[in-house]
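After this come two complexes, each holding chain A, first together with chain B and then together with chain C.
Right, the complex of A and B next:
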């Protein structure tokens, strides 16, 4: 009987401890998520609040809802308007083009690293990774001078070139990993089944690695879409400024239009968010390599 | 029709010579098994036939057509890989029909061909599944189906059963043999498992270190091994080898004052003082009363059993001949305790003599 009591007691303490751990676990998760999400939430909420309330001290707990920042942003130059549509178009052109080029080059490179043996392969690969280690801003001055001399400063082309160079090493690294996971027997089987090497890639290896390529594309797109430092150096006019650079339009000599900035930031986040949701299915799609090993 | 001929085929990997000038003629419809320990060059040879590896020197022809520089797709072969290499993003039906689709066969004909192949291999119920949803044996069958669907000249199998468990392996072995009887194509099959080689092959090609050691029917390799490597590689358990020295011209001293006569097949081929390996299989050393009644010269030995392995219809007995552990076989077995002394008959006619220096068989 004594033993039984003892056992029941131990069971109970163990259960309690489990419960406490679970609560702690959720608290930690909540705090982490709050740290990640609150700035975003702050931006979204403030884009709908009047400027006075944003900076009010003490804070206004019962905010008024207004679309004034959005209205002003799309309004004429005199009413605090900025060329949102131009910025949006620039961002889209630069990001989509640079992503497409970076993914094409990166995928070919990644495939080559994963499948072929060639001289200086590992040092070349390390070189690419080292290139990633150089902070982009450090290159902004030399880039600025070179681009200015060549005459591609303040153009879509210049920015695309810079972003492709920035994204290719990472894309190579990512797709290399995905292609490495695909056993080489798959393309061999396809070649025996009648494919050329090219067909074997497009009909078998590419579809299997599609999720990898999609995630590489997402990363490349978001990098270009969000990049500020280089773009602020290499663009000057409405014809080439991207949205992150456009945010600066809301800073004047003595004031910062927080509400307008938030509104533009929201517009900037939306496409990235939509894209991520669209591709997300691919990123976590259950493409397993079950056909290959049991 | 579809003979496969290899003449002086050599493969270099950098400076390393993986295959040393292989010559092999494979007849139309023949089931040839390349067998050997890992690293012996058997898979490389198969991949050269498939066109997946370049040939460093020599010539390979399939059906009187030199294929040295043809890509795999122009060799009209199909191959089953060790890891099956099914296309994970396609259903079983798409996997089976892939080669026909690439060859621009009409939709209707693909369905007919795929259904026929599925019927042969019993895949009808699995056609809409993806490879990830199949068991190992089912994947194996799909891989075979993909190979037969387009009626190639030659089937190549690269260790197709080594990822399966023992029971499934013997099942699939039977299916492969049945498949060969049904379709009758030339098959080249690579394995490291001598049981697969013995059970499947019309002819076995035993390889070692990039050389062919012996080519022959399973029974030829089993009964007349050319050297000690063949003798110990083929057959389970492997052939027992006991070191000995020839005394005079007709007796062999195995040590421990044990001498046996030189078997008939080797008489006249040995010289006084020659060091040899004396080889015999477990089936040729049996306890009196538990042996196959056979005519022929026998040597009777009193041996102590150290370990037993009951297998049901027979029991393997581990014992000791002149200081070397050997295995004997007991038919109609009764329980044997370790340490028990039994009287054994060694069938001298079935013993083999190998020269110790060259390890080659001495046989007339």
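Right, the complex of A and C next:
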């Protein structure tokens, strides 16, 4: 009887401890998610609040809804707005083009690293990676001078070129890992069946490595879409400024148009958000396969 | 037989080499050269005056430069360690979740989509001493303070680090989580049967298995540590009174505001070296960790 009691007691404390741990776990998780979400939500929320309310002191906690900032933003330069649509278009053109080119070039490089043996392979590889590690600011100084000499400053072309070079190393890294996963027998079999190496690549190996390529593309796109240090120096006018640079238009010497900036920020995040959702699964497997097994 | 002059691998690598050579290598060579001249944007003829290592000597004897250098190293050390610990913590928390894990994972990836400059503005807004979220919340809770988050040197450094950690922890969390998913269950169960405490099995089984994943995250991060430039530039611009001046903001100030390109390029080379040291270090660690797990290829 005594022992039974003891056991029941121990069980109960055990259960209690488990319960406490569960609550702790939930709380920790909740706080983490809150810290991750609140800054972003704050931006979205403020893009729908009138400026008076954003600047209000003491703060107003129940928000009023307004589309004022969006109207000003899309209304064009006339209403003190910012030529957001041009920025959006520039960003889109530059990011999509540079991603496409970087993925093609990177894929061919990654394939070379995965499939061929040659002297000094690993030093080539690390060497390429080091170019990615060059800080954007450090590169922007000389690139600015060189581009100005060649006359491609303030053009889409110049920015695309810069972003392709920036994205190629990482694309090589990711796709290399993926091509390595594919057994060599696959393309050998295809070649025996009468495919050329080129056909074998597109018909057999590319479909298998697709998710790696997708994740590489996402990373390249996000890098170009979000890049600031280079873009701020290599672009000047409405015709070539991208959205990250456009954000600065909302700052004056002493004041910042927070509402307008938040609205542009929302516009900037949406495409990135949609894209990332679409290929979320590939993104994670791309990073891990590319890195660990590569 | 077709006449082949170049090996196939070289042809496949050629586009990458050409692009990188024209866009990165040539400007870098140019900037290396100009770091030995007193080049000023406003006076182009200064490009042809060779002054040897005077720029480097000037930098190395400059207290401001060393302060920025030390601060950058401190910043990177603190930030990377905090990101690693938090990322590990978040991954372990999420691994225990039984429902809605996909949603949580998506939320975790949220900061990865943010542009660094946007993160800068976002936290400049949130830490604003007058209308920022943090001070508003503090005041509404009854603390009658308006903490000068971005004006006081120490607080500004904290705010910048917070922004950087917010932006980059998710890379660690996601990769470590992927490692946890890939982990075989048997060793953990065997350890439990053998009477290991949870801490022991974490320390001796889970952590060693996660090491390569941690190093990938570190390597990916070390490739673009300089993203912090965007954040700092926006949030404080290196101020107040240079208290948050990092190597990168000092460089861009010297180059673009003072137009002293030669000097700025010399600083650029120091910062490039710093990045390269970080990257090589983590690449080494990564391949060592891979070899240990027999994943080398």
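A few remarks follow.
By definition in this document, the second predicted complex is superposed on the first by the 262 of 294 C-alpha atoms of A that agree within 3 Å, B and C clash if a C-alpha of one lies under 4 Å from a C-alpha of the other, contacts with A are read in each partner's own complex, and residues count from 1 in each chain.
Simple rule for what comes next: contacts are C-beta pairs under 8 Å (C-beta built on N, C-alpha and C of every residue); 3 or more make two chains touch, one makes a residue touch a chain.
Remember, it's a predicted structure, so these values are computed and weren't measured experimentally.
In the superposed model, A:39 lies in contact with chain C only, and not with chain B.
By the touch criterion stated above, A:195 is placed in contact with chain B alone, chain C being left untouched. Of the two partner chains, chain B is the only one touched by A:183; chain C is not.
Contacts of A:94 after superposition on the shared chain: neither chain B nor chain C is touched. More residues of chain A lie in touch with C than with the remaining chain of the pair chain B and chain C. Once the two complexes are laid over each other on the shared chain, residue contacts for A:207 go to chain B alone; chain C is not touched. Across the superposed pair, chain B and chain C both touch chain A at residues 287-288, 291-294. Only residues 50-52, 71-73, 77-79, 81-89, 95, 98-99, 102-103, 130-136, 139, 146, 150, 163 of chain B touch chain A when the two sit together in their complex. Residues 7-10, 12-13, 15-16, 19-20, 22-28, 30-31, 34, 41, 89-90, 93-94, 96-97, 104-118, 121-126, 130-131, 133, 136, 139-140, 166, 170, 174-175, 178-179, 182, 212-213, 216, 219-220, 222-227, 229-230, 248, 251-252, 255-256, 261, 264-265, 268-269, 271-272, 275-276, 278-280, 283, 286, 290, 295, 297 of chain C are the ones touching chain A in the complex. Chain contact summary for the complex, chain A toward chain B: residues 183, 185-186, 188-196, 199, 203-204, 207-208, 287-294.
Looking at the complex, you find that chain A touches chain C at residues 25, 28-29, 32-33, 35-40, 42-43, 46, 54-59, 61, 104-106, 108-109, 111-113, 115-116, 118, 124, 126, 128-143, 145-146, 161-162, 164-165, 168-170, 172, 180, 222, 225-229, 233, 243-244, 247, 256, 258, 261-262, 265, 268-269, 272-273, 276-277, 280, 283-285, 287-288, 291-294.
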